[in-house]
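What follows is a pair of complexes built around chain A, which joins chain B in one and chain C in the other.
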Partner chain A sequence: MDDLKRVILDYVKREYLEDGDDRIVAEDTPLITGGIVDSFSMVSLKRFLEKKCAIQIPDDQATPAAFDTVNEIAALVERIRGRRAPA
Partner chain B sequence: MTTLAYEVSAREHYQQELETLRRAGLFKEERYIHAPQGAEIEVEFPAGAAPRRVLNLCSNNYLGLSSHPEVVAAAHAGLEARGYGMSSVRFICGTQDIHRELEHRLTALLGTEDTLLFPSCMDANAGVFEALLGEADVLIADRLVHASIVDGMRLSKAQQDTFKHSDMGHLEEKLREHQDKRFRMVVTDGVFSMDGDLAKLDEIVALAERHNAMVFVDESHATGFIGPTGRGTHEQKGVVGRIDVITTTLGKALGGASGGCVSGRAELVEMCRQRARPYLFSNTVAPVIVAGAIKVLEIIGRTTERRDALERNTIYWRRLLVEAGFDVKAGESPIVPVMLYNAKLAQEVARDLFAEGVYVVGFFFPVVPKGQARIRTQLSAAHETRHLDLAIEAFVKVGRKHDILGRTKAEIMDRYGL
Partner chain C sequence: MADVCATVPTYEERLSGFDWSLAERELGHRPGEPMNIGWYCTDRICASGHGSRAALIWEDSHGAGRSYTFDDLRVLSNTIARYLARLGLEPGDRICLFMDRVPELYIGFLGILKMGGIAQPLFSAFGEDSLWTRLDDAGTAAIITQRKHLPKVRRIRDRLPGLSRVVVVDAGASALQPGEMALALDDEPRVDRFEAHPTGSETPSVLHYTSGTTGRPKGAQHVHGSLVAQYLTAKWVLDLRPDDIYWCNADPGWVTGTSYGIIGPWANGVTQVVLDAGFNAAQWYGFLQRHRVTVWYSAPTAIRLLMREGADLVRRFDLGALRHLASVGEPLNPEAVIWSREVFGRPFHDTFWQTETGCIVITNFPGMPIKAGSMGRPFPGITAAVVDPRTAEPLPPGRVGLIALRPGWPSMMRAYWRNPDGYAAKFRNGWYLCGDRASVDADGYFWFVGRDDDVINTGGHLVGPFEIESALLEHRAVAESAAVAKPDPVNMEVVKAFVTLKPGFEPSDDLELEIMNVVRRKLSPLAMPQAIEFVQALPKTRSGKIVRRVLRAKEWGEPIGDISTLMDE
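Here is the complex of A and B:
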């Protein structure tokens, strides 16, 4: 697992799992559709990513579908980073 | 078929959406009640069936005042004295003396500085955050707050964050993180509607004071019966006078008709009077309801008998369920969830209980988290011991049928899955 995915996964576990929640969360675990993160509390994940990765995630891209797994979140971050990088 | 200004494709789209809801088991059907609200009601279900008399264990009629003769008589008198409707929003020509009287009485009950009526607590929650907070501010909400609060927060321009349910360490982390904002407001329910647990308001207030934040509490499932004299969760937790904003409803314990309010610091309530859109652009509570609500507050101010009876019923019902072997969420409020974990099982148990003459509803994802399906039972001061004795007989019969009595969460999940 690359560093970005590990950082996101650690944050998801710390931020969203209750004490004693023994669910196994991996890179491909559905977070939104799996009921671990809801759209109401998703905003802190967006804020974390923006701060940690020094990016701005446009609201129209911060969709439940784009945030459903750590893999998809990492891909979104990479896309935004790629767009920002000079050609 | 009636001709609509619909594109055929639009009609098909909505028909498919509705079919998807049906297939997913999420389609809600109303049950027609042929009686005033109470401990026993006549229910027509399915539509067209002959009404059946059933025990009601799913209403918010906590104090049993929804059909109380004194309340009904006061509503009649109010109808005669102040008419049926106002035909105006409050600030044009829609405020009567009794609206202000009810606001004063709610202020006294809640121990606040001022109160403003709204058409419902849903409307109060929809309007309050936008009226009070802007882009430079942050709302920090418990993750299990009511849907109307989520909607209200989304309507405001304030930044938003959440903390794990009743996790004070997580809340403090968030309060620290947001010290750069102009204002912070901690947002919570007083009693959480699905689990029935109480917010740790004493700890929340202490944290908010330490980190310079305001506190907002929705007391819809608390006003009138939580706390030694029924003033609410803030009374139970010893923080009356230290909550900045309370919203609550007249649609549950306080007569159960309709209406809600924002109550709290005078300036904050006044800001709502100036800016809250559901207050500004909608009629308020009708005079007949105001008159009934004033009588409700008079009744509960006279004696604590009704909240005491509710408390006794709650303790008794919890004991019956636990002794019978049901998995009951711990708590002290009259919301008593019977945990079944599996959505289909919750629906089947509710259906079987109805057949046995007990009206309850199964709740499952997305209303509660996945794997947390349950039957939410709710007590009322209108229940008598005989009602609860009859109800437990039905619960035991249905529990045996599904082999869930004395079973642990793991055993139920092994058998039925998530």
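Here is the complex of A and C:
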């Protein structure tokens, strides 16, 4: 697992799972459809990513589908980072 | 386009000679006889020869599914009722359901009612402070929950001396603590015969908590007689018929999820489908297609999220079984009505009601022309008006005032739990005041304007600013706080917090995120501020009371109004 995915996964486990919640969460675990992160909590996850990765995620890209797994979130972050990179 | 369906009676025909007793006759209930919602939703349907009809078709986010007939519902709700009675729980005890949308939630609700308990459903995303406040206020005797929510319950249990039993429906091999017990419904001996407690029409049935501007959330207490209104409104407004497949998106932690996600459809003997999963447009359309859903009761926030995903996605699915769409929770914007006509071939019908009313009170009926953006007209048997906020006298058409209802319909709340003053404050001049502003036009259609208080309607859920501000103040950096509604294109409103910091703390992105997460964990994701503005001072009256309306007006670009009474900064 790369560093970005690990950072996101650690944050999700720390913030959105209760202490004692024994569900296994991996990079491909559905977060939104799986009920771990709801659409309101997505805002705090988005804010975390923007702060941690020094990016701005446009609202129209912060969709439930784009945030449904750690893999998809990491891909979104990489796309935004790539767009921002100088040619 | 007049969305008139020729096969249902017109609004005027429904109104003519209306009396709630017609619903009682259809239910086969005679005045003075016992009335138990649990029995009417299960045993009565089986006794009428429909025990083998599917009652609940349930799926989770992984696609796993289970199906229950009405006879299954009858037997399993008996099983839970007897289980609870054998635990020593008694009629009148408040029994909380704190679960995701798993079958045990729906069946447990009916089981509690059958043994005479008062069902207290709570949203499973509530944090421990929100949970504690509501359990403490209700004096709850037992809670039925899932393993994943058990840590929250354990953290507050020592502050809830009356909470003597914690029932875990999926405990498996988990170690349980004293006072905790496992209920594995599949393994429990099935109870074919259980004498439902002979509750009367006025016996308390359900306790739903709702937030106000000040103080703790209030427990709106309903009675078994609410069935009469929930049965008839489900039949006439949602147009439920015996062969329908019905989907209500609402979670039973909120009143829509019980009135129209349990009682209304099952009292009508209708099959309902439940998807225990978060939002995903393609998954939702696939669910509608797979189960050939015919009637769909959704919410404006969900509809706006679907709109964002576009019309092309809808067209990949066969949704031809859909024949009636309705919406609740917040005003349905005209664009959503127009969009649904385009993509589903039929409009969403807006319905208006609230926790306290127990049933739909103002609505766009099937068989009635829809004015896009309007709330519709009062349900027969409901006397509604827009009244002057000062005098509580009805206003002429076109004038904005408060939505008011004449008390007396069957599902009206009977009390706020142990809060007679709060209950009395909801009535003036013989009207129940909903707390919403609207106007009524010359045709009798109501048009929503906004809340009349500081309560925040986010995604169709009411959140009280007082609870949020109290949670904010528990953060070590926060000196003062105010929570107001901020406009939002999807959720209509979201929470925005204004915060002053204690000496030694500086505004930062880290601090903002930390405060957001503290509120989310303590209260709920709904209550989490979606934005926090750090300010030097908050607007206050000279007596030191924070004036939220000034902050709210700034967020909405509205006139601030009279500020002569504010403290000079």
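In this text, the second predicted complex is superposed on the first by the 87 of 87 C-alpha atoms of A that agree within 3 Å, B and C clash if a C-alpha of one lies under 4 Å from a C-alpha of the other, contacts with A are read in each partner's own complex, and residues count from 1 in each chain.
The rule we apply is simple: contacts are C-beta pairs under 8 Å (C-beta built on N, C-alpha and C of every residue); 3 or more make two chains touch, one makes a residue touch a chain.
In this text, all values refer to a predicted model and were calculated from it rather than measured experimentally.
Applying the stated contact rule after C-alpha superposition, one finds that A:Ile32 touches chain C and leaves chain B untouched. By the touch criterion defined above, A:Asp2 reaches neither chain B nor chain C. In the overlay built on the shared chain, the residue A:Asp68 is in contact with chain C alone; chain B does not reach it. Of the two partner chains placed by the overlay, chain B and chain C both lie in contact with A:Arg47.
By the touch criterion stated above, A:Glu18 is placed in contact with chain B and with chain C alike.
Set against each other, chain B and chain C touch different numbers of residues in chain A, with C touching more.
Contacts of chain A with chain B, set against its contacts with chain C after fitting on chain A, overlap at residues 18-19, 34-35, 38, 40-41, 43-44, 47.
The part of chain C that touches chain A in the complex is made up of residues 61-62, 100, 125, 147-152, 154, 276-283, 305, 308-309, 458-459, 491, 494, 509-510, 512-513, 516-517, 520, 525-526, 528, 530.
Here chain A touches chain C in the complex through residues 15, 18-23, 30, 32-35, 37-41, 43-44, 47-48, 51, 60, 63-65, 68, going by the rule given at the top.
Per the touch definition, chain B reaches chain A in the complex via residues 141, 143, 150, 160-162, 164-165, 167, 365-366, 369-371.
Residues 16, 18-19, 34-35, 38, 40-41, 43-44, 47 of chain A are the ones that touch chain B when the two sit in their complex.
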